[in-house]
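Listed below are the structures to be examined.
Shared chain: chain A. Partners: chain B in the first complex, chain C in the second.
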Partner chain A sequence: MRVTVKLFATFRDGRFKVEEKNLSEDSRVLDILQLLNISPEEVAICLVNGKDVKEQHLLKDGDTIALFPPVGGG
Partner chain B sequence: MTIEGRYVRNKKTLTDEDQHKLANSCVAIVGCGGLGGYIAEELARIGVGRLVLIDGDRLEVSNLNRQIMATELNIGQWKVEAARDRLRSVNSEVKVEIIKEWFKEEKGPEMFQEVDLVFDALDSLATRVELERVCHSLKLPLVFASIAGWFGQIGVSLPGDFSVLRLFGRGERGVESTWGNPAFTPAVLASLSVAEGVKLLAGRMPALHRAWLQVDLLTMEFERFEINNT
Partner chain C sequence: MGGYTGKILRINLTEGKTSTEPLNMELAKKYLGGRGLAGKMFADEVASDVDALSPGNKLFIASGVLTGTNAPTPSRYMVVTKSPLNGVIASSNSGGYWGAELKFAGYDMLVLEGKSDHPVYISIKDGQVEIKDAGKVWGKDVYETTDALKQEFGDDKAKVLAIGPAGENLSLMAAIVNDLYRAAGRTGVGAVMGSKNLKGIVVRGTGKVENANPDQMKEVVANSLRKIRENGVTGQGLPTYGSAVLVNIINETGVYPVNNFQGSYDPEADLISGETLTEKYLLKKHPCYRCPIACGRYSKWDGKEGAGPEYETAWVFGSDCGIHDFDAIHEANDLCNKLGLDTISVGGTIAAGMELVQRGYIKPEELDGTPLEFGNAKGMVEWVRKIAYVEGLGAKMAMGSYNLAESYGAPELSMSVKKQELPAYDPRGIQGQALSYATSNRGGCHVRGYMISPEILGLPEKLDRNSLEGKATWTKIFQDLTAVIDAVGLCLFSSFALGLTDYTALVNAVTGFNYTDEELLACGERIWNIERLHNLKVGYSAADDTLPKRLLNDPIPSGPSKGQMHNLPELLVQYYAERGWDKAGVPTPERLNMLGI
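What follows is the complex of A and B.
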């Protein structure tokens, strides 16, 4: 299946802004994180098609995944 | 000191009625660093009647790169005192109250007596979540903003929302611990916060209720995301 991965803020550093990825069926958000060398603890927000999900969330063909690191400074 | 014509250039962005509402409003700013300093400056200039500044920290050399209240002359001073001194010369009609303490959940009701609106300008993820909880229990609207490097987030949390919990509920520190905070990011995010806050004080709907704006000053992209309470 094909999914679109969007990265935000510092996750773009050394990676990309938006890319399409081919994944095997039954892939989860966690598999994308592994592919991108991002540990689950580094993720503040993970949206799939605009909805909050956990890293165990099962992906479907055509999904758009958006990943945000924590931005907490003041 | 009342100066005739001080708010002339707020027109017609703000009506006389809006200006009157601002003058009769009390706003708390929690955190008086990069974001909080600019927020206080803009609220004083635009004519909010009363400001409560909360921060338990003193100015240090590393604040000079971005904090508008920090100068080479006031290093070591309490941040809220430095802010009060500057605001006095900017707009002496504004009553500025200072609290030289860190925000804590149990102190919220005392700190926010007579407050109409709260700005979250904190730098701790966990304390941001506590602040939202307190604001909701006191039925207070909250404008939150955060910064790290070229990036920022800003939104509005009204009682019943859990926007801050959704955005900042995971982890202890953000990527600002490695990316720092350059001068332009707090200035931009503070201005966006004040624009939303002024709408709330004037009784208008904010644009970022149950949403946040993801700000990227490297690519100059501003993207809005909805926060669905599920």
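What follows is the complex of A and C.
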């Protein structure tokens, strides 16, 4: 399946802003983190199609995953 | 006693007289300082039916008990007055250096009364206070005024607070700007200053703020600083990217207003994000007094230099106006600082103007050739200038989006609560923030109970943004705690890392008092209730605890949060009960008695 991965803030350093990834069926958010060498503890916000999810969340074809380290403002 | 200087400076501009009076410590213990103590004195001294722009209104400029101390983020001062925009108790705060300098000069608070018969400014050099002629700077912008007043004062270390042409022209969106780039922006406080013919206040102090328990203070400050350093948001996110780092988070969540809240997702938002700001525009950080976070930005754009935009500003002149030209956003932000305008209100009003044009309410012949359409960056920048100088349609726009839209018979196109423009979060997808918007004591506002923190950022813990569970309780606690932070003179951003216990420890260490956490939070609740009582007196009711029609009636139309909707009616019932108010949103005598009001 194909998913879109969007990275923000320091996660972009040495990686990318947005990329399409081909994943095997039954892939989870955790598989993407491993692929990108990001540990789950570094992730403050993980959105799949705008919804908050945990790293065990099961992905499906066409999903958009957005990953953020701890950031805030106002 | 530490923390307080113990002195209030009162200036009657009608009579040209100044006097000092002792701080009422009994009141200070109950209302702390800043927004609290000034709010209480405002409520006691100013009749609720006073015309906000008449000499009878007073302007309270108050530091907090921790302003100018070595507590983390001790820069804030608060302006309290009756708002000329909507009649509520206006309180608008700012960082920078001016607030701390006022303490060093020996004053906890300034009370400005009456109206001068000619333009003046106030010069404060420790205990020496003078009212001086401002004829030479009246009509000048904030930057020119700051330079001129500093030069006349003869000390480069002096700090200047001033209004620009917008305040002189009584725009209801006029700000009071200090240290060039920091502003008490919201609720039209700059117009009140302008109505008094007061152009600026220069202050230089050589004293220091005493600590009642220096050893204890050292320990609690070290502890707080460590928490701020180790927190991902205050230790890394904000210092690296500034507050505009929120653009992508809020957008990806699908609660990022676009084109005057006609949409809630912007596929091009990254062009105006904190990441882009850092990569392409940032020259250096621009911290406030003794701030370990340093979220302030100093940027370069289009051959110029100055303060970089905050999140709200990047959004409002950006996506909310359909614009992705970051140079133009920098320019509009700079113009607001220079001309003395609030960015959120001005951008929201321009966005409302764009929709009024889109829907045919504003006719092309009213525009004098200046485009007012979503996506037109050049036109947007020019409208900021026209608003400050009340030129053409700019005069109508200077009265804010509600008055503008209402004059065309379409008040529902103003995205405001109690006539003040909403900030950069679509409340339909964030239940607690919807409640916070509706019940904010100063109208549309995000910093009276920032529910974005738990509902989106997960601080101090993650709440489901679409659930109602616990939201009334959380909102009340956030509102009361924010009132405490605003009353002690610290920056709200410290609360990403610090909690009530930390604030209690800091206040106790500096003052020598022995507040419990509950007692300190009760000060916040007391502040919230006196503000509510003023607003009820001027005619607001539960019916005004609401949202603009579009957000009230229609679900989010598109994007990741498509279909989401607030449940404000249910939350309001829970909230009034939580606050000990009756069903009409009026504080009960029992609750007021309990709070000692």
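As a working rule, the second predicted complex is superposed on the first by the 71 of 74 C-alpha atoms of A that agree within 3 Å, B and C clash if a C-alpha of one lies under 4 Å from a C-alpha of the other, contacts with A are read in each partner's own complex, and residues count from 1 in each chain.
As a convention for this text, contacts are C-beta pairs under 8 Å (C-beta built on N, C-alpha and C of every residue); 3 or more make two chains touch, one makes a residue touch a chain.
Keep in mind it's a predicted model, so treat the numbers as computed, not measured.
Peer 1: For A:58 in the superposed arrangement: first (chain B), second (chain C), both or neither?
Peer 2: Neither chain B nor chain C is touched by A:58.
Peer 1: Which of the two partners, first being chain B and second being chain C, lies in contact with A:69: first, second, both, or neither?
Peer 2: Both partners.
Peer 1: Between chain B and chain C, whom does A:49 touch in the aligned arrangement: first, second, both, or neither?
Peer 2: After superposition on chain A, A:49 lies in contact with chain C alone.
Peer 1: After lining up the shared chain so the two structures overlap, which partner does A:35 touch, if you call chain B first and chain C second: first, second, both or neither?
Peer 2: Neither partner.
Peer 1: Where on chain A do the contacts with chain B and the contacts with chain C coincide?
Peer 2: In the superposed arrangement, which is not itself an observed complex, chain A uses residues 8-10, 17, 44-45, 47, 50-52, 66, 68-74 for both chain B and chain C.
Peer 1: Of all residues in chain A, which touch chain B in the complex?
Peer 2: 8-10, 17, 41, 43-45, 47, 50-52, 66, 68-74
Peer 1: Contact residues on chain B for chain A in the complex?
Peer 2: 31, 33-36, 120-125, 128, 145-153, 166-168, 170-171, 173-176, 178-179, 181, 186, 214, 216, 219, 223, 225-226, 228, 230
Peer 1: Hey, which residues of chain A end up touching chain C in the complex?
Peer 2: Result: residues 6, 8-10, 12, 17, 44-45, 47, 49-52, 64, 66, 68-74 of chain A touch chain C.
Peer 1: In the complex formed with chain A, which residues of chain C make contact?
Peer 2: The touching residues are 231-233, 236-238, 240-246, 248-249, 252-254, 270, 274-275, 295, 310-312, 446-447, 450, 452-453, 456-459, 462, 464-465, 492-493, 496, 559-561.
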